[in-house]
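The letters A, B, C, D and E name the chains in turn, as written, and every chain counts its residues from 1.
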Amino acid sequence: MPKAHKSAAKKSRLPAGSLVHVGDLHDYQQRISLINYNEADVTYLSVTSIDDILPFINTDTITWVNIEGLHDIRLMEAIGQHFAIDSLILEDILNTHQRPKMDDRDDYLYVVLKGLSVAKTQLFSVHYEQISLLLLKNVLFTFKEKPDVLFSDIMSSFANEKSKVRRLGSDYLMYVLMDTIVDEYFTLQDTLDELMESIESDLLTAPTRETLFTIQRVKRELVFVRRSIAPVRELLMSLQRNESTLIDMNTLRYFGDIYDHVLRIIEAMESYRDLTTGMLDIYLSSISNKMNETMKFLTVYSSIFIPLTFVAGVYGMNFDFMPELHWQWAYPALWVIFISVTVSLLHYFRKKNWL
Amino acid sequence: MPKAHKSAAKKSRLPAGSLVHVGDLHDYQQRISLINYNEADVTYLSVTSIDDILPFINTDTITWVNIEGLHDIRLMEAIGQHFAIDSLILEDILNTHQRPKMDDRDDYLYVVLKGLSVAKTQLFSVHYEQISLLLLKNVLFTFKEKPDVLFSDIMSSFANEKSKVRRLGSDYLMYVLMDTIVDEYFTLQDTLDELMESIESDLLTAPTRETLFTIQRVKRELVFVRRSIAPVRELLMSLQRNESTLIDMNTLRYFGDIYDHVLRIIEAMESYRDLTTGMLDIYLSSISNKMNETMKFLTVYSSIFIPLTFVAGVYGMNFDFMPELHWQWAYPALWVIFISVTVSLLHYFRKKNWL
Amino acid sequence: MPKAHKSAAKKSRLPAGSLVHVGDLHDYQQRISLINYNEADVTYLSVTSIDDILPFINTDTITWVNIEGLHDIRLMEAIGQHFAIDSLILEDILNTHQRPKMDDRDDYLYVVLKGLSVAKTQLFSVHYEQISLLLLKNVLFTFKEKPDVLFSDIMSSFANEKSKVRRLGSDYLMYVLMDTIVDEYFTLQDTLDELMESIESDLLTAPTRETLFTIQRVKRELVFVRRSIAPVRELLMSLQRNESTLIDMNTLRYFGDIYDHVLRIIEAMESYRDLTTGMLDIYLSSISNKMNETMKFLTVYSSIFIPLTFVAGVYGMNFDFMPELHWQWAYPALWVIFISVTVSLLHYFRKKNWL
Amino acid sequence: MPKAHKSAAKKSRLPAGSLVHVGDLHDYQQRISLINYNEADVTYLSVTSIDDILPFINTDTITWVNIEGLHDIRLMEAIGQHFAIDSLILEDILNTHQRPKMDDRDDYLYVVLKGLSVAKTQLFSVHYEQISLLLLKNVLFTFKEKPDVLFSDIMSSFANEKSKVRRLGSDYLMYVLMDTIVDEYFTLQDTLDELMESIESDLLTAPTRETLFTIQRVKRELVFVRRSIAPVRELLMSLQRNESTLIDMNTLRYFGDIYDHVLRIIEAMESYRDLTTGMLDIYLSSISNKMNETMKFLTVYSSIFIPLTFVAGVYGMNFDFMPELHWQWAYPALWVIFISVTVSLLHYFRKKNWL
Amino acid sequence: MPKAHKSAAKKSRLPAGSLVHVGDLHDYQQRISLINYNEADVTYLSVTSIDDILPFINTDTITWVNIEGLHDIRLMEAIGQHFAIDSLILEDILNTHQRPKMDDRDDYLYVVLKGLSVAKTQLFSVHYEQISLLLLKNVLFTFKEKPDVLFSDIMSSFANEKSKVRRLGSDYLMYVLMDTIVDEYFTLQDTLDELMESIESDLLTAPTRETLFTIQRVKRELVFVRRSIAPVRELLMSLQRNESTLIDMNTLRYFGDIYDHVLRIIEAMESYRDLTTGMLDIYLSSISNKMNETMKFLTVYSSIFIPLTFVAGVYGMNFDFMPELHWQWAYPALWVIFISVTVSLLHYFRKKNWL
């Protein structure tokens, strides 16, 4: 169970409308970085409060504020107040159990997505991070649950004066960030591909109970991955149909590109689901097969010795009148019988295809 | 089977249009409470008949009448008559087998929902309560099957002069109540999360027949929970598309927030459904595995002793001429043979991976 | 298989357009009853031919003709001719394999439904009856396959001068009849509820092959029940969207009420379907479990006696030199060994959880 | 696998647009019959080339040309040329792997369907025949894969001066033919009904491997039958929504009747599909049950004799000091023990419900 | 797993918009061929760079440039620059993990498809090749992953002056190429048909573990084939609804023909999917059946010898007083008993249907 669902009901008895962080508490230090840029200049800044941000706003440059860590509720309130953001939106940013969606409120555009990364542990498991994007005129806020390197390549690309992102608006920046998030899904897909192949080769050679648990684990994670990715499709469809003035017509086409990627991912996940079902069938049939083998072995083995033991028992009887007991060649003759019975039975079982 | 379905047909032979309470009879005392408020003032009142209510209606204050217990059919008739409520609506309020839905009748708006709560017994089971909301101009009626604490937090919040609910209309009050009902679903989700985790750990260690019954019980409850929650989605969509003058445009946005919550719950329930299916597979495969283990044990065990017993039987025979019987070292030699056969067989079974 | 499907192709080689009764032949006597009413008066009549009916038509009263039994093809032709009913409609009335549907032909409205009743035999089985309703201006024809008490309550309600049905038109009468038919489905639901509960308790205690057959029987009936009920949903949607002048706007709202009922029934049937699948899993796993128990028993039993028998065999051998045979305490000592082996093995199996 | 799919790719490397017969070659002689009729007159003719047909075209009579056998590609080309039929349509007529569909090309209307008939062999199998209908103004071409009696009743009905088909246009003739084709599906349904009932009774009494193969065969044929019938639904919907002048508004209503039939058939096929799944479950559980029975038998049997044999073994030992051996009543006493052990065990197994 | 999915994430950390070949690297030499034609003339050319192509563009002839192998990124960039192709499209051409789709950009039309071919190895496996078509005014570019004979028939057909492709525009050429690609799917269908039949006959006679793996392999490939073919349906629907001036109204009709083919293929693939599920059931039931057979054999065998061995053991006992031992005919009488017990048991098992 993704940990994030653990406290789904945490807020349920609070009055609607109060800001509170719902989700896992991460120990990470909150980190706020600001990039202010236009084609000519770029400023990197590490900020601590809204007062550091405001001077950059409403000029003819574009400002990207990346907030990593969601502890600071006062910051959220300050942003909410200054940029006139609806408190429902602020709540959504802080409650990390959101379903991916977009919300267009004339003056700003809110998009929430899930960043997926494969945990580097021995067992396959996926980490989820909620990433919110808040697009205003010439300003883009991004809210991440925890600091990591996901956006660092993009950040450094601003240093390059000729990079496209410097020349285009905050809407294009939003596209680049969403594209980065979605591209990360392909890494997940690659991990799954490798995992599936290793499971398949296990199944063909020597499936163990471990194999079953891995299959089950993959099935399980797929359930949650699908829940995180599937709504992104809708999200991008709304985004493209959307007539917000915040996104330029030319940039919209780029979002179409992400849409194609998401479609591919979703279909891949569907395929994995079908494949795991097939794998389970193989696994179950392999248990049955093994049981069948064991049964056959026991049957063949018993069938040979049972009659021989009976015969030995017969000549162990103490009747006074058992003429065979006194024949000179009876004992060696009996061994001949023992061996021929065994050979015939083996022959019979071979014909029955049990050997 | 939720008890509520027991008497689905109770009314089936009555003439259409007669008011009667269809559903479980609860022993609870009926309780009617009234809150009359505006930004300046608030009055709490415990009432017993319609006559206590009427004085508060049609003034410039907002009135919330919360009726807990559905025994009093005359009260319903009085409300129906005084506020000109269609008898079909009154029937729906009294028949607690309703599917969640809304009905917009120009002068009033009818919404019926299911309140879900997890029973505090050892076995997982869900309790259902039908909650009807009847929104009129400045008046909100709520009808609950039984008295409980679900709305008590909201009731006390009226005492706070600055609470948002005091400043806004009856439509906002309806939102707050529906939000409370839906938030309660998250408590159910949390219980399920815990239950699923405990089942999973059982499955990995020592699944018993009890585990199977718990899985089955969860599957079963999910069937009914889905039936209670899924229609809420439609309900909220109609509510948002609806052009009733009873709900302010600004309040509509809040309903969009409930909509998101319901979507999340529905998807979570779908996930649980998929997960239980996977659990069943694990359970069944674990039975097969155990059987396989038993089989292997029996086979290995028998395979070792069967030939030895045969040999012992052979030398128990009473033939006159069995030279081996008279060899001095025959008996110890036989023990050597016994032991080497056993060792070879054990070796063979280890190679076959049966040990 | 509902018998009614037995002769699906009976008519297939006849020229299109010839009237013939397709379906099971019932031995019932055909029965035609007529009620002519307005707010002031009501006339009950048992009629035998169209000539008895015509005098009541086209006056300012409302006429309901209830025809039970579909043998009399000439009557159908007479009705067809006199009221200008399309021969395709007449065919549909006579062919009792219709899918529930409605057909709006300006001058009249045709609705066909299935009446469902649970057979009062020991085995659960559902009886199907096709009921056609033909609504004309101030006239309603109903065609039932066989005479029964389904409509008798409604018939007697006409005697009551104050009953709503007396005051409203033929469209309201159609609603009342359809409501009666649909309410009967809830009786089916109740029977199913009870049956499911009894199956469940069987499954938890001692499932037998009978239990499996009952589950399968329920699954099977559900397939046919769904086929009879699901199209009623569409039917009612068309009816509500329909702009026929034959149905008053105020009456339409009542049909919305039936629609809600049908939705509830359909969802209940879906739930039963899911539940039966779960039951089958329980049943299958209980067979596996039993087999596992048997296996364990055999294994434990054999594992204890197999080595003991071997040892007994060893000391039954006739070698000249077996020193143990001559030790005085050998025999009692052997019994000590026998008993300790048994105890150790029992201990081992208990640890393995096989006992 | 229906044979017809065997050569799906036969044409794949040919240049698009070349006429060639794709499908099974039937040995049947090609047969072309023509009926020219109006209300007054009717002419039957057996023709061999297009020149025999042309004189009847474009008069005020209606002409039906029924071509059975698709060998004669030159005839197709002649028809194509004379009536200006698109080569894509001609290809579709000749390639008997078409999916049922309609194509409205202003001057003519093309409909292709599958005729289904149950093979009269011991094993259940369905024969497929592609039937194309080409409706022009006052002319109807029908193309069948092979000559049979499907249309013969209709042909003879022309002899009757009063038959409806004589009075109405070529569109009504098309309806009558399509109705005949679809009615034939009900014959299939009847065969399936009988087959299902016989399988069910087999399952309840003594399911064999044959039963399984029959179930599988039915499932398999249903896959292909569905593929042939399901698209007919769409076809008829397009036909009804279609605004071709070739079909009279009054005739359209008749097509609505076929639509209802097709819907019934499709739903019936869906039901069969569900039923076969249930049957498979019963079959599998019956194997498990049998295995369980066998296991129990072996276990009971072994459990009784294993201890007895051990005891017999004990008193077969040759120890010098075994006092029991010399007791006078030891042997009879042992038999008493043997019998009481057996009786107690049988009692125990009866209690365990294994007997 | 189709190899092509192996590097899905390869590009994920690159800045959006940089051209790079994503997919398997094939060792094939890149090959570019150009055909320039009109009704009068045709020129075949093997080119190496964009400079060889440009002279043929923008004249009144039609130019088809077929690029096989996607190594040469500079060529792509040159084409992109000269024909003003969006860099997103160029990326899509080079990234061979595209989902089939079309993109209409006023001046040009981009279509990407998957070419499927069955590998000629012993195991059933499908090869995928991405084929992009870029339609401009009078120019068609095709981009294939590797050089093969797929288009060679079409290329040679240009030599024929009367071939339709010479007379019609570049849109018709696009149709012919797409038709060729889709027709290749039927070859796959034929291979599958044969494979399915061979699996079925294996299942009915002697299913082995190999059979299971083949079924699983088919299921698996079907998952991927569906992913490659299903989106082609949408693609063709968009193409037909599309109002691009690049495709003539008359040519559109041809695309409708491909649409029908794709629909047939998709339905066939769905059928195969259903069939493989059925096959798996048969396989599993056949394992169960075999196990049952083995069990019965063991049970019958043991049941016969177990009592006989017991009796032999009894008369092997050494009691002083066992009168039977001294009867003269006891030993032969015992054999009579042995034989009659065996015969009775065999009779009993035959009656129980275990033999």
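Details
Criterion: a contact is a pair of C-beta atoms (placed from the backbone, for glycine too) under 8 Å apart; a residue touches a chain by one contact, two chains touch by 3 or more.
Just so it is clear, the structure is predicted and the values come from calculations on it, not from any experiment.
Chains that count as touching both chain B and chain D, per the definition above, are C.
The fewest steps needed to get from chain C to chain E, moving only between touching chains, is 2. Residue numbering shows that chain A and chain B use the same positions for less than half of their mutual interface. To fit its Cα atoms onto chain D, chain A must turn through 145 degrees, a value rounded to the nearest 5.
A straight line joining the Cα centres of chain B and chain C is 26 Å long. Centre to centre, using the average C-alpha position, chain B and chain E are separated by 42 Å.
For chain D, residues that reach two or more other chains under the stated contact definition are 284, 288, 291, 295, 298, 302, 306, 309, 313, 316-318, 322. Chain B meets chain A in the complex at residues 153, 157, 163-164, 175-176, 179, 183-184, 186-187, 189-190, 193, 196-197, 204, 253-254, 257, 260, 263-264, 267-268, 271, 274-275, 278, 281-282, 284-285, 288-289, 291-292, 295-296, 298-299, 302-303, 306-307, 309-310, 313-314, 316-322, 353-354. Taken in their complex, chain A has these residues touching chain B: 1, 5-9, 11-13, 15-17, 86, 88, 91-92, 97-99, 101, 206, 209, 212-213, 216, 219-220, 223-224, 227, 280, 283-284, 287-288, 290-291, 294-295, 297-298, 301-302, 305-306, 308-309, 312-313, 315-318, 322, 324-326, 328-331, 334.
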